[in-house]
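The chains carry the letters A, B and C, assigned in the order they are written, with residues numbered from 1 in each.
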Amino acid sequence: MPDLIRRHTVHSFDEELEHLTRQILRMGGLVEQQLATAVRALVDRDEAAAEEVIARDDQVDELEEAIDQEAIRILATRQPLAVDLRMVAMALKISNDLERMADYASNIAKRARSLLEQPALKPLVTIPRMAEVCQEMLRLVLEAYATRDPEKALVAWKRDGEVDQLYVSLFRELLTYILEDPRKTGACIDLLFVAKNLERFGDHTTNIAEKIHYIVYGNRINRMVVEES
Amino acid sequence: MATAPIAAETLRFVRRSRQRDLWFATLALVILFAACLTLFGLIADLVIRGAPHIDRDFFTSYPSRRPADAGILSAWVGTVVVMAVTAVIAIPLGVAAGVYLEEYARRSLFTDIIEINIANLAAVPSIIYGLLALGLFVYGAGFGSTILTAGVTLALLILPVIIVATREALRSLPREMREGAFALGADRWQVVSMFLLPAARPGIMTGVIVGLSRAIGETAPLITIGALTFIAFLPPPPFTPEFPWISLDWLWSPFTVLPIQMFNWVSRPQPAFHELAAAAGVVLLALTLVMNGLAIYIRYRDRARRVLG
Amino acid sequence: MSAETAAPAGDLPAIRLDAPRAAALGAIARKEAPALKARVENLSFWYGDKQALFDISMPIHERRVTALIGPSGCGKSTLLRCFNRMHDLYPGNRYAGRIVLEPEGIDIIAPKTDPMIPRLRIGMVFQKPNPFPKSIYENVAAGLRIRGVRNRAILDEQVEKSLRRAALWEEVKDRLHASAYDLSGGQQQRLCIARALAPEPELLLLDEPTSALDPIATAHIEALIDELRENYTIVIVTHNMQQAARVSQYTAFLHLGKLIEFGPTEEVFTRPRKSMTQDYITGRFG
């Protein structure tokens, strides 16, 4: 792993980069919490939790804007190069990913609210499982970001397959429900959207993992090499 | 507060420094005044005693036994002619030598020895040059006691001044100018002739004129080579009515110059001749001042125009 | 800015590339290696007993800008000045290795090569603007006069052409016979570029050409370097990393007289291979 620990001659530059990193981690933590709350609202049929998630989405948007401004200011004043440039440019993109992920959490909360108006289906199993994997991936990715650890990011990146498989199996399951009882179509479609949102959530987590790899190595994850190993 | 005592300390320090400056400035000023006053006194004395004798006749008459008829015609013509010979010999030789030493010669034991010698030559008493010229030119080369010998002797005398001035002027040019010229692909001669010499001209001219001002007042070496002190004729004219219209016969003519004329008059017992000497002194002084003024003018003009080529 | 390119208020004009520039950028994007103008091979250099360059090898690509970067005293100017044998002006300097100038493949630093040969073919612009104490016209014409050109018409034509290429013509065309010293610092530096261009050099050496200039004058020179790349091979020494990143296609990073890294500028500045390069360009040095 390349040496990224050396400090800049201008120490305030280090502080600015550290602050940017902390902002990203804060935003990531908030997204993680949003997803957890949204899924809880869905599983426990908790309307208050759903409303809470929808209301808190603005906070995520504000954080994204703050990160954008900070990154642009650093670009303008420090004109970073090499690893610094990659770090700042990727902060811009990662905050964008996180913002999308928060939107998915908010979408899930909205579906949870709509499902409250319909009779409950059988206990949910696959969706909480998907959410669990997504959260673990996000946690790994955030740790990898904090420590600039591309290996850990790669572990998260590889787990996206699990989410995809769960999505496909859930899709089939819900399809059979609808065929059995067309009155459940509305609820099933809501759940399908929830699953789709989780699948997208996972995709953005892998995006972040790829960006961490880029920050450290300056190139993309080579899919062929990774998938062979 | 800790600031107050520090401020007081600083103030004391500043006051002490200022006082020291004031003391030195006062001392320097006093010395300067004393020197200037002496010089002014001498010049004033010279002018007061000599000025009444300076008129048209003074410049157009030959020296005479009667103070009332005596003039400096042969002396000032001699001075001008000798200076011309000196300049024609000393300027090309001195500038060329300076250019060679500064731009062409690689540093070696040989050039080091030449350099030390030139520095020493500038300090050699002028009568030594006279003795050298007596042996070398008057008897050795058989030039005799002529204008040519005088010009060559004085040229030798001021050569070190011109060489040193040329080298200094070249050395003071920015390194970037030399590098810029070489980078364009110029050979050494082009660098010197197209760029360095035009830019160094003010410095070289100053050196030349300082040298000529020194030569114009020299007496000792010219007496040594046998300059006459009493001449009632002019050298033959350089232009002739028949082919080839130019004659160099004047080079072989005996001569006198202003300082020698003065020396001659001063050594006579009659006070009237002393006054004539003062008058000749005023003329010599004026000539020197004009030449120095010219040097200053050239330097300022080139600095103001800055475009040299 | 001329009337037709001026944008309506509050709106920015679309960025369009002219054909040659687009082609050049395309070639770079496709990673086509351009022909070589020169090759530095195992070059070492000594100032007297002190070795200043150690075994440097690198290519100089034709019609590209190669930037030499590195901390003060790293040897970047020393390396640049080897190309036109400037070190020969001072005694005691010694070269080893080769600098091969294409297409004929002559070795610039070989003792048997007269230093005038590279100097007649390679132009140089110095750190401090150093116009000669002559008129603007004579400054630009100097290189041609050195080459023995006396024909007034040729001189006039080449002076105008060079001043135009150096983006200075419009500013000085009415006072060609005024002193070069009357120009501003930025204009003087462009005049020095015009002077270097007038004899049509094959290679242009720029030794920190903007270090003495303000940002506007610097922008003029950088724009000029961009334009000149279409016809000239350029080697530039700069201590301004962003400038190197902006104007060059290849970058060499030197440290203590050794070549640490050489590569396409984009790679050197976004993902350097050596941590020393990274530390230097990101401001983590020493």
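One rule holds in what follows: contacts are C-beta pairs under 8 Å (C-beta built on N, C-alpha and C of every residue); 3 or more make two chains touch, one makes a residue touch a chain.
These figures come from a predicted structure and were not determined experimentally.
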Contacting subunit A as well as subunit C are chains none
Maximum distance between Cα centroids and subunit B occurs for chain A
Counting contact pairs per chain pair, which pair wins?
-> B-C
Give, as an integer number of Å, the spacing between the C-alpha centres of subunit C and subunit B.
-> 48
Subunit A to subunit B, mean C-alpha position gap in Å, rounds to 91
Which of the residues in subunit C end up touching subunit B in this complex?
-> 84, 86, 89, 91, 116, 119-121, 123-124, 126, 128, 130, 132-135, 138, 142-143, 145-147, 178-181, 192, 195-196, 199
Subunit A residues touching subunit C - in the complex, by the definition given at the top = 2-3, 6-10, 13, 79-86, 217-219
Contacts from subunit B onto subunit C in the complex sit at residues 106-107, 174, 176-187, 190, 194-195, 198-199, 305-309
Residue set of subunit C touching subunit A in the complex reads 241-242, 245, 269-272, 275, 277-279, 281-286
